[in-house]
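Please go over the structures that come below.
In the two assemblies presented below, subunit A is common to both, partnered first by subunit B and then by subunit C.
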Partner chain A sequence: MIKVTIDGINTEVPEGTTILQAARQIGGEIVPPAMCYYSTLKNSGGKCRACLVRVAAGSAKDPRPMPKLVPSCITMAQDGMVVENITNPQVLETRKGVVEFLLLNHPLDCPICDQAGECDLQNFAYEHGMAKTRYEEERRTFDPIDIGDKIKLHMNRCILCYRCTYVADQLTDNRVHGVINRGDHAEISTYIEKAVDNEFSGNMIDVCPVGALTDKTFRFKQRVWFTKPLDAHRDCPKCSGKVVLWTKGNDVLRVTARKDQYGEVKEFICNECRYDHKDMSHWTVEGPRHIDRGSVISQNHYEKVDLVKLKKDVERQLKFQEGKRLEQTNNSAE
Partner chain B sequence: MGRKLLLKDINVPGIKSFEVYRKQGGYASVEKALKTMSPDAVVEEVKKSGLRGRGGAGFPTGMKWSFIDKKSEKPRYLICNADESEPGTFKDRFLMEYIPHALIEGMIVSSFALGAKTSYIYMRGEFRWIFPILEKAIEEARAAGFLGKNILGSGYDLELYVHSGAGAYICGEETAQIESLEGKRGNPRNKPPFPAIVGLYGCPTVVNNVESIAAVPHILNMGGDEYAKIGIGKSTGTKLISASGHINKPGVYEIELGLPVEEFLNSDEYCGGVWKGRKLKAVIPGGSSVPILPADLFLKNAKGEARLMSYESLADGGFASGSMLGSGGFIVMDETACIVRNLWTFARFYHHESCGQCSPCREGTGWMEKVLHRIEHGHGHMHDIDLLVDVAKKIEGNTICPLGDAAAWPVASAIRHFREEFEYHIKYPEKVMNPKHFEIEPFRSEKNLVMA
Partner chain C sequence: MTSLSGRSKVVVKKEMTLAERMYLPAILGGVIITLKHLFKRKATVKYPEKKREFSAVWRGQHVLKRDDKGAERCTACGLCAVACPAEAITMTAGERKKGEENLYREEKYATTYEINMLRCIFCGLCEEACPKEAIFLTDRLVPTEFGRGEFIYGKDKLVEPVDNRVDVTKRQTPAVLEFKKHKNLSHNR
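This part shows the complex of A and B:
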């Protein structure tokens, strides 16, 4: 075991633990946000830079600080390492910058986006962003496309976290999509005339942190916070069969894998469970799903509508929208 | 005349061919190394020579070689970085095109030093015409027994391949280059692990610039100590400089490190002075990624000492008043040049070339380009200047690879030294409508202009 200090809190973790995982072990406010890292997907992380932290002391052996901020999701903790996350103003300032960068070309779509309410970017922007954008150029846009008969791609919303490509590499036997082009024109695309069609491809939807990949069989049926999530399982020869049923009355509107408090799926599910059993009688219901993330659905109404909370959620959404709208004064004469 | 090594025989007719190259003493270092030296002894000579990487970062080559993991049983690889795509830099192209055997000879002795049995030359995709030149050189060397199995009866085997890129600047970054060589999308890797431990196909790998590798035979021939006497201080040896812009004699020159910048700029042996009798406005001494220097700070550092063409002297003053030798892409601007326009051009380049993996560089490069485009075309606001500084600051140091820094530094330095010119663009939009605005009416700031 090695000793690490994060924002003044000491913890012990096994060797080979990343700073982010060590922070998650402590839990609470000091856990860095992660937009691209996904613990169950090998090689993920290191790209979005949301999780950058400062290492004030490298290790007990070599206590020098690291010259640059490091991505906590892929940087290994060392014995005696001292990490600053929310206690370091430079880290917070940089994080604000990352929010701004991620929203730069992001559409003002929340009100019509199927991800709203369970969107990592929305949460990230709300918690770490600045009040308004300074971007006054035109956003780059793409048209939404089908990348398989069950999955819709809204490239405008993609943050290029690469998670879906790792799902395709690691869970399916043949990746038929990837990133084409470079820079801010890079986009997710299927190979020429290929469609994503594989027994585990639906997991791409669950790992997508934003509303870029969505379930076509659920889209626009219902705002997520008006549905009731239930833990359920069935005997499935292909996967664990452990799912969340998103229901309204007795209707199963959507089936997803179960996400933990960091939005990560630990047990992926097959497409049969996801798409072909939208019938309550196919499932053994375990009980209501506890959603303890700081997202809009966590404040939802399993039994009765909590009007005060709902109002807050709406206000929060509006405030988020407002933040992304341009200041009119930008055009005033200098 | 300064000392010449790499380009010593450039004017010998037929030097492209193995025969002539050999007659001029070529491949002597291969004979010396393989017949009389151990690989470690070669590394030792390179360490003693003080040779620093010529690809831009200036990292000591011998030290880099000594980091390669020799303990693991895995094969080791040497990759020659011939992706030269930095705006303003065209020295490797010149070397490969006109003396291809200098690189092949260097590859053989360097591979021997590292214990690499397979080595690659990763060449910029646009250098199509150089591809057959190198392939021919490799065939000639093989026919003469300098490549293949049991070279010169020493028991050392080496296969050398030329690989053509597909036109991406980012594939010049060493880990992106490794990915690309593996047949993947050229995305830089997060480090650590470093290539010396986990490189090509997961094996220990060294990536070196063309010029660094081409310098090794000279080091072996004269001995590391002797090589270290050339140059000045820790800037040992000779360096190729590709000079371009508003000078009388653009081209590739070999200089002895430590040459006064003024001599390089004005003497007839080198650049021949600023063209058309104009005044010098600014110089970018090491390729588009290094900070720009106004004429006064280029010729003399902040302490008033004359600058030299060396790693240390050009960097004197840090980023506040210095720059870097970088890759040796020497870009000269006379008084009619527009700093904003030039910066916009570079920003466009970095925007186009960002791989898009990490958010600060992917989004920030595009943002800076758009803001600069606006300012240059007379649609800027005063607050845009500080915005640019802030965006550059948010990119710098926060990305996976140094392309983010390379995009940020020129912006930060241009505004630091030429803020008045940005303000002028914003105050007088009608005057900057014409792209040649400063030719029509040169922008004068007493601060920066120096008589040529």
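This part shows the complex of A and C:
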């Protein structure tokens, strides 16, 4: 076990843990945002630079700070490492820049996009970005294409996080799509418009942090905040069968896998569960899905408050505030 | 108990004097008041022949605007409906087909858009929430009807006719008008 300090909070993690994972172990506001890193997909991360943090002390043996900001999702924590995330204004300033870069080519078509309301880029830009853009040039544009009969690809919205290609590599056999061309011309595409019809290919919709890959069976059906999410399961021979049903009245509009608090799917579901069982009678409903209170989807959804969890949350916040204060006093002493 | 306002009068039931019992002075006083009002400015107007002047920011019946080329601005994003405190707005979205570019501005549009005018409290939050400058409240009044069903306004009543545009320039904030000048910003073309 090694000791790491993140924003003034000490924690112990096993060796070989990344800074991001260590921060997630602490939880709360100090967790760096991640647009491309996905814990269930191997080799993901290191591309979007959203999770950049400052390492104030490299390790107990060599306490020099790292010269540049490091991506926390692929940098291993070391014993005695001191990490600054939201307590460092330089990090926050850099994140503003990262938002601006990600939005260079991203169209501002959230009113049309089906991902709006559960979009990682929307949240990231809202929390860390600026309200205005300085970009005046033409954005790169592509026509939306169908990859397979169930998935729509809006290449305009893609931020090239490569998550979907890792899904294709690691979850499906006979990979048929990937990234072609280079630099500004790079785009996700299929091999000569070859259909993506693998049994687990639908998961690329769930891993997409933006609205580049969307469910065609849910296309423009309903805004996500007008639907009611329910935890449900069924006996599925191919996958775990644990899903979220997005319903309106008695209609199942969409079926997705269950995402954790960082928007990551732990148990991927098969295409049969995703597309072919849009009927309440096919599912055993467990209850309403917990939606974070900050999300627009939680509008008009009421749930019982878990007091023990709330207390823990408050205590964690206080701890975090203490850490923040410590850092500030240190700075003023200098 | 003492009165809070200090303006209440204690009623005393005492014998009326002769002058009071004749009632004539009181009647005369009443006639004078009536005559005075005959020459005063009237508080009412003869609606609908004469209409009162509205404030520029009066919040009356909604309009769904079209853009300069006559295409509908609304893209059924649902932000007005989620902002609406009275839950008066409902809509369904549809995908624009090839060849309908002059009818709808974006690839998604509202196939139905309904405002229940009985629920609506004319707060103007839908107007504030709209990212596409599609919905505006205007200085028109919602006319009275005989049935409740007639108050549910569909697109036929809400979308402005191409040949009879509704002027909402007074309602646009200076910031919006300034933004519209900058056509070099790609999301403003």
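What we mean here is this: the second predicted complex is superposed on the first by the 294 of 334 C-alpha atoms of A that agree within 3 Å, B and C clash if a C-alpha of one lies under 4 Å from a C-alpha of the other, contacts with A are read in each partner's own complex, and residues count from 1 in each chain.
The rule is simple: contacts are C-beta pairs under 8 Å (C-beta built on N, C-alpha and C of every residue); 3 or more make two chains touch, one makes a residue touch a chain.
In this text the structure is predicted, and so the values were computed from the model without any measurement.
In the superposition on chain A, contact of A:Asp184 is made with subunit B only, not with subunit C.
Of the two partner chains, neither subunit B nor subunit C is touched by A:Gly58. Residue contacts after overlaying the shared chain place A:Val98 against subunit B, while subunit C stays out of touching range. Contact comparison for subunit A: of subunit B and subunit C, B touches the greater number of residues.
By the touch criterion stated above, A:Gly80 is placed in contact with neither subunit B nor subunit C. Residue overlap on subunit A between the subunit B contacts of one complex and the subunit C contacts of the other covers 135, 137. Residues of subunit A touching subunit C in their complex: 107-112, 116, 133, 135-139, 219-223, 225-226, 296, 299. Subunit C meets subunit A in the complex at residues 75-79, 81-82, 93-95, 106-108, 131-132, 184-187. Partner subunit A is touched in their complex by these residues of subunit B: 168, 170, 185, 190, 351-360, 362-367, 370-371, 374, 381-383, 387, 394, 397-400, 426.
Chain contact summary for the complex, subunit A toward subunit B: residues 46-50, 52, 68-69, 71, 74, 94, 97-98, 100-102, 104-105, 134-135, 137, 140, 159-160, 162, 178-179, 181-186, 330, 334.
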